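The next part holds the structures, each set out as structure tokens.
Paired with subunit B in one complex and with subunit C in the other, subunit A is shared by the two complexes that follow.
== the complex of A and B ==
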């Protein structure tokens, strides 16, 4: 993992000192809430429905056990004993007191963490493929590039007051695990014909009010030119992005107004002028950063663990968990473990302080001290020996973290919605809980296969409903909470925006609606076909009919 | 409007020298009529593509920040310094706040029209280091790391 040196540590410390001074000025009344607002927003501090919310950055989703223990400590001592992992690999504390926030930031700085650029119209915390350094299918480790972007974008003097927030995501394989086609900039690592590592650069994807799948503006960007190219994209956007209407201010609107070819031409023209200006890191610095992410000392192991195979033969639940929650590792004898934060009937992404401690302990002992957060609001233990999987499973089970539902119908993404968010039309969390309870049977879930349900409490789409196989959007109809269902979205390599199925449904109807859709899918599918593929094969109409047919 | 100028890394109140201002559009429409102008006012949606031939002889270029959240002029300032090579004064006008001086000075702005000129000198030095190159002379952190390694 990356380790701060004196430069990184000093900058984070100076930021906390600056903010401590600003909070003191606010508490003494020297600053009004209006004057304080832009300052707190630069430090990830929002004012929600009931309280302040602090969003802590987890750059490229990578955490050590020590960092996780610190988050547990903060949850216990400054909050109500839990935290919430978001779709941007951040962690939110929902109940901090303003007066405590500088102390919380100091505590975070002790373990090389911060809340910098987790809000505001700046380049936000970069997100990444969560299996970096572990996945069997990765082209190169995405984390060093995430760290380079973290440093380059931190307190960027030119890009701290953009037209709107700006989100960058990196994926390291053709199996897009970072939803790169629905980000302001998506970067897909791949190799060119001569085996050189670089990026496909995808710009202008995004959800919200006007969802778009991004366009590839460059099919191969050499890795050493990453920062100068990003700077060119950001400069074009900063100068030309709309500022008259916040709903038209994202880069996707600019790209579509110019047209993807013209936009690409503008970026290339700008880049041609700055690529030799010393923006890009020297090879020595790229290597220095890459060295931090050198593989841990893996053991030489047989591909299969005899022990594990015996254990799975006698423990059916363990067997299912292995099938559903573990993924192939690039090193023989190891596996990647997904830890579901979607307990049946639970709140998606929520985790208690005790659970954080449990994950930290398990990671320290069995996963080379590494933990990842995913954009689907789960956690990952990236490097577990197959022979240790049973004990890891049992320890997760003891902490109620063993739900075998990764990628299945109850692995729901839900935004905070009306339970916390001041912008919400409707609640999201209770809908997720009720759908999860309706499909509680894990055997049935596995049989249904991959099925992504995503719920947003308003058009801002923080729950990514547009890219849910089944998306649910909360709308306000004359003061009543209604839900609109969308079908056929995907945030993966085959990205698509879901289509609206029909009239809005009440909160009671919407859970039944999901059940009807699933029942119809089971009837219509051909063997081994995912929900999304059935939908794409037979089209929207039969699904709509099934959904709205009179009971 | 009170004025602060950046001088040898210090922010100092400056006497308001009377500038004769002309907007870029007016200047382009009729340079003869504005022969005595000393400051060129550039709106933040103006393209700087062909501005080289216009800036000659102006002591100051004034950039606009209609609201502190409108950051277009940060890019304009860098283009003036780094691409066009303008060495005269670049002045920030509009919603110019203490908390932005650090960013503005890194982009090459060296004069600030501000309501409140009792700005603390530390506004310039909130951060001791910078991660990226910009229009100032600051070596980015990654270059300094290289130097430390070379010295070691």
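== the complex of A and C ==
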């Protein structure tokens, strides 16, 4: 993993000291809330319904055991014993007191963590494919590029006052695990005809009130030109993006107003001006950063573990967990373990202090001290020996972290909604809980296969409802909660924006509606067909009919 | 009728302006104002910057029951997340 150098450490320390002084001045009344609000937001501190909320960055989703233990320590000593993993690979604390926040930030700085780039109209914390350095199908490790982008973007003077927030995501495989087509800039690592590593650059995707799938403005960008090209895109946006209306200020609006070809031309013209100005890293510097992410000392192991196969033969639950929650590793004899934060009936993304410590202990002992956070609000242990999988499973089970539902109907993304969020119109979490309970049977869930339900409590779409196979958007109708269902969305390589199915449903109706859609899918599917593929094959109408048919 | 609510500056806790011009953590201790008075009182408390992060008016009906379009939001602010029976006003805040 990357280790802070003296520049990183100084930068973070200075920012904490600066914020401590600002908090003192706010508490004395010397700063008004109006003056203080932009300052606290620059440090990831929001005011929500019940309390402040602190959003901590986990750059490119990578955590060590020590960092996870620190998050547990903060949850226990400064908060109410838990944290919430978000769709941006951040962790949110829901109850910190303003008076404690400078101390919390000092504690985070001790383990090279902070809340910089988690709010405001800057380049936000870069998100990444969670299987970096581990997945069998990866083209190259995405984390060094994530780190390069972090170093380039943090406090970038030219891009600290953008028209609006700006989100960059990287995926390392054709199997998009970072939703790159619905980000301001999505980067897909791939190799060109001569085997050189580079990026497909996708711009102008996004969710919120105006959802768009992004456009590829460059099909191959050599890796060494990453930063100068990103800078060219940001320059075009910074200059021409609208500032008169915050709802029209994201890059997706600019790109679609100009048209993708014209936008690409503007970027290429800008790039031609700046590409030789020394923005790009020298080969030696790229190698230096890549060396931080050198593979851990993997053992030479047989592809299969005899021991594991014996254990799965006698423990059916372990067998299911292996099938559903583990993924092929690039190294023989190893596996990637997904840790579901979607217990049946639980709160998506929530994790207690004790569970954080359990994950940290397991990662330290069995996964080369590495943990990843995913944009689907789960965790990953990237490097587990197959022979250790049973003990890892049992230890996760002891911590109630063994739900075998990754990618299945109960692996629901949900925003905090009106239970916590000051922007929300409706609650999201109770809908997720009730759907999860309705489909509690894990055997049935596995039989249904990949089915992504995503729930947002308002049009800002933090719950990614537009790209749910089944999306649910909460809307307020004269003070009552209603839910609009969208169908056929995808945040993957086959990205699409879901279509609205019809009239809004009451909170009582919406869980039944999901059940009806799933029942119809089971009836209409051909063998081995995912919900999304059945929907795409037969179209929206039969699903809508099933959804709104009289009971 | 109106009540003035806000979030306490030091910890963000939900508070209501009480009859003795203090910030109370229970809605039952809140002072009620009619529409005309509410705005001028709000103006006067909004400048008490060292006490609260923000303050605004909410609607209450007979007996101080939360009412109007924001009733659900304000009910959740009053009692805490509906998905955690152990958190919010059901237990006291750390001071």
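We adopt the following convention: the second predicted complex is superposed on the first by the 551 of 551 C-alpha atoms of A that agree within 3 Å, B and C clash if a C-alpha of one lies under 4 Å from a C-alpha of the other, contacts with A are read in each partner's own complex, and residues count from 1 in each chain.
Going forward, contacts are C-beta pairs under 8 Å (C-beta built on N, C-alpha and C of every residue); 3 or more make two chains touch, one makes a residue touch a chain.
Note that the structure is predicted; figures quoted are calculated from it, not measured.
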| item | value |
| --- | --- |
| Partner chain(s) touched by A:438 [first = subunit B, second = subunit C, both, neither] | neither |
| First (subunit B), second (subunit C), both or neither touched by A:11 | first |
| Partner chain in contact with A:418 - subunit B first, subunit C second, else both or neither | second |
| Partner chain in contact with A:51 - subunit B first, subunit C second, else both or neither | second |
| Partner chain(s) touched by A:320 [first = subunit B, second = subunit C, both, neither] | neither |
| First (subunit B), second (subunit C), both or neither touched by A:365 | neither |
| Touching partner for A:76 - first (subunit B), second (subunit C), both, neither | neither |
| In the complex with subunit B, residue positions of subunit A that touch it | 5, 7-8, 10-11, 14-15, 18, 38-39, 121, 151-152, 154-162, 227, 235, 238-239, 243, 273, 277-279, 281-282, 284-285, 288 |
| Residues of subunit B that touch subunit A when the two form their complex | 68-72, 74-76, 78, 82-83, 99-100, 102-104, 106-107, 126-134, 141-146, 149 |
| Subunit C-facing residues of subunit A, complex | 26-29, 31-33, 47-52, 80, 95, 97-99, 347, 418-420, 427, 429-430, 433, 476, 478-481 |
| Subunit C - residues contacting subunit A, complex | 7, 9-14, 49-50, 53-54, 68-73, 76-77, 80-84, 87-88, 94 |
